[in-house]
Amino acid sequence: MNKVVKGAEAAINDINDGAVIMFGGFGLCGIPENCIAAIVKKNIKNLTCISNNAGVDDFGIGLMLYQRQLKKMIASYVGENAEFERQLLSGELEVELIPQGTLATRCMAAGYGMPAVYVLAGVGTEVAEGKEVRNFNGKNYLLEAAFDSDFAIVKAWKGDTNGNLIYKDTARNFNPLMAMAGKITIAEVEELVQPGELDPNMIHTPGIYVHRIFQGTNYEKRIENVTMRKRN
Amino acid sequence: MALNKEQIAQRIAKELRDGYYVNLGIGIPTLVANYIPEGINVTLQSENGLLGMGPFPFEGDENPDLINAGKQTVTTIPGSVFFDSAMSFGMIRAGKVDLTVLGAMEVSEQGDIANWKIPGKMVKGMGGAMDLVAAAKNIIVAMMHTNPKGESKLLAKCTLPLTGVRCVKKIVSDLAVIEVKADGFRLLERAPGVTVDEIKLKTAGKLIVAGEIPEMVF
Amino acid sequence: MNKVVKGAEAAINDINDGAVIMFGGFGLCGIPENCIAAIVKKNIKNLTCISNNAGVDDFGIGLMLYQRQLKKMIASYVGENAEFERQLLSGELEVELIPQGTLATRCMAAGYGMPAVYVLAGVGTEVAEGKEVRNFNGKNYLLEAAFDSDFAIVKAWKGDTNGNLIYKDTARNFNPLMAMAGKITIAEVEELVQPGELDPNMIHTPGIYVHRIFQGTNYEKRIENVTMRKRN
Amino acid sequence: MALNKEQIAQRIAKELRDGYYVNLGIGIPTLVANYIPEGINVTLQSENGLLGMGPFPFEGDENPDLINAGKQTVTTIPGSVFFDSAMSFGMIRAGKVDLTVLGAMEVSEQGDIANWKIPGKMVKGMGGAMDLVAAAKNIIVAMMHTNPKGESKLLAKCTLPLTGVRCVKKIVSDLAVIEVKADGFRLLERAPGVTVDEIKLKTAGKLIVAGEIPEMVF
């Protein structure tokens, strides 16, 4: 059982038109740049994407939008993307906007074998339409289903050939949750090491959840809002 | 004189208590971090997975892996901790975050809030706002009392799609500090030089004025 | 806001008769030895304990059993304890046995603000009696309520004065889950350090969940089944 | 000749496939780890929070913080990982563990299993057994075909409180390898020298014997 693949092209080799894919990352932070580039290059169509955001116009998932590879986008916030708004308003793109914590929890539920979870977010709003509302201890909760995705594609800082992953800083975000949630999980890492090189106490995603892994190249790590303070 | 954004943030900062865990939304709420009172120790939570958020980095120190929920570069402080988004919203949902400060397009006299969507016009998404308003123990809204056309944003009933129901506890606007009570907006404080009549005029929802209304003190 | 307390006695100072307390640990591995000793010394009565196991006859929660401090025990496995069996069969002790994964998940649910969770364990068995069974995607699940406990007492390897915790090896077990689940969470650690000394990427329990912390002393760390192989 | 415990473990080990994640219960199942076939790489999961469980430690190397679900001292191997109990049972519930091997007091011809309680006699608790049998993709039971009194443990219906329903896929006993099918226990292999008639005699549930039944090969 060798989980190591040569690169992004090999990793996404069996992703076909119409697939449901989760992409880790928050904005452009912690996104699987190599796999996104490979999917753009291969021009796979009719994809359903589950991702917190939709990238920006010329980077991240925005590249797939530009090529009209997406049939449906499931996200919590898509505010940085003019092409997205255009496709949405023109009806070319189906969009499901869901609360960020609900998005995260529906990924976790899939990874933990829980078919659905009760959450507070969205009760009394249009998010609740058509969903079960249930009162526990005087509070109303919505029942939200676990995600069912064909592939989860995540980006980690370090990984070993067993598929164990460690994330860095806020680039962790949705990555460990989606890593648990894919029928097939693909991880690209900045540094791929041998088993035993990672401290077993400090691993965020156990390798049992990861099916393919490779060391990515040329990470651009674009920053959306560079915000700084002056040195005195 | 109506408050400017910095002053709204400054007034909200007076609501902080020692030991609070606080989530600050984008815009005016972010500015609150600049006015934390002396002797008060608060820990900032950023819902993308950081507890103990530090100030913006110095030029050249920005780290693309380290951003806040507004996607701005930030820093850590001693004692910071990173976690995934499920745990981040887990601690919010479990009521561990003491205070959430966020902006609003409309607030109703029942404490409903609308701040994520203008049908047919704005489709950016709710991000973490629905999770935060549904679960935080205490929610303060930072907002302008009226929109650019001069229309009140404090209404009997929200007209825009809701973000959350009966959740706002307090509003700090450019004109007033208002508590949301069972029977309506209760006026607590006026901006310096702003009259009760002006606030009444600019509040479309039911405003309760009981006794003398003091001016804010900075 | 100072979370640091002087020691176990100060940490458990306000735990009174009748409290519901979670104790971290699996068997004798990763148990809060100092706090257990303090509760035994103070002889607090009528406790409801939530813990995977009930210690052994002369250590861990077994010490509380021996002093008849427990009204009710909620656990998954209590096989190492003769006094436990005696109290159970005589009716002195109320016992609720629940599947281990359900125990863990009910703790996690409390820490994540989920009022109840659907799990597979126990469907079609006596564990399911009186509980909602619901079919999702062709499989039956049980609805299990989040735990509601007054105190959670956990043991970590390292902690800082903000309450951030790191566990070691399999001594992690239920500790991070219970740490999230207590109305008041008390952590005893082998080494208490200053904020900044722990890597923020490698913390298992964020301090927001922890209310009191102290550095414990004289850890015995008894091993239940020392099992070894011969050197060739 | 009936198999001894080591041989039962050895036969079960032949069911392992390369890349499997496996949870081995206490008793005979634990012994399976000693017979993993050449060229087959399996990773052992211990439900108290360890993936990649190594052998018992050498004398003097035991670590009280490092035990298996049977509370025995164990070791790690390169690539091991620790996690909490919720994640441990999460990966089990999500079907990530390919095979669970555990003991049983009774198995029914429908695949029900009883192994945690004897009313009025044994009240140790189910530990993780109910979670494992409810969720593992593939469950093999390692057991003696009969109890010490000679009574069959493979029944039409379990008499003891159940651990799980319709979950056992295969049984490896001291006498036979049996697959649990929709219509009953299907005999696949005999222990060397054990006759089909003896297995029939000692199986109280419905035994399906179709064609020639080969002897196990070791």
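Note that the chains take the letters A, B, C and D in the order they are written out, and that residue 1 is the start of every chain.
In this text, a residue touches a chain if its C-beta (ideal position, glycine included) is under 8 Å from a C-beta of that chain, and two chains touch if they have at least 3 such contacts.
Please read all numbers here as calculations on a predicted model, not as lab measurements.
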Q: Could you run down the chains that neighbour chain B and chain C together?
A: A
Q | A-D against C-D, pair bridged by the larger set of C-beta contacts | A | C-D
Q.
Nearest whole angstrom, what separates the Cα centre of chain A from the Cα centre of chain D?
A. 37
Q: Measure off the straight-line distance from the CA centroid of chain B to the CA centroid of chain D, and report it in whole Å.
A: 56
Q | chain A and chain B, separation of their C-alpha mean positions in angstrom | A | 28
Q. Which positions in chain A touch two or more other chains at once?
A. 105, 112-114, 119-120, 167-169, 172, 200-201
**Q.** Two or more partner chains touched - positions in chain D
**A.** 76, 82-83, 86, 89-90, 92-93, 135
Q: Considering only which chains touch which, label the overall pattern as line, ring, star, complete or other.
A: other
(Q) With touch defined as at the top, which chains are paired up in contact here? (A) A-B, A-C, A-D, B-C, C-D
Q | Contact set on chain D toward chain A in their complex | A | 18-19, 21, 41, 43, 45, 51-52, 76-83, 86-87, 89-97, 135
Q) Quick one: in the complex, what on chain C touches chain A? A) 105, 112-120, 136-137, 139, 141, 145, 166-169, 172, 200-202
Q: State the interface residues of chain C toward chain B in the complex, per the touch definition above.
A: 1, 110-114, 160-162, 164, 180, 194-196, 200-201, 203, 206-209
Q | Residues of chain C touching chain D in the complex | A | 26-30, 52, 75-80, 85, 88-89, 95, 97-105, 107-108, 119-127, 157, 167-177, 204, 221-231
Q: State the interface residues of chain B toward chain A in the complex, per the touch definition above.
A: 46-50, 55-59, 61-68, 70-74, 76, 82-86, 88-90, 92-93, 112, 123-131, 134-135, 161-166
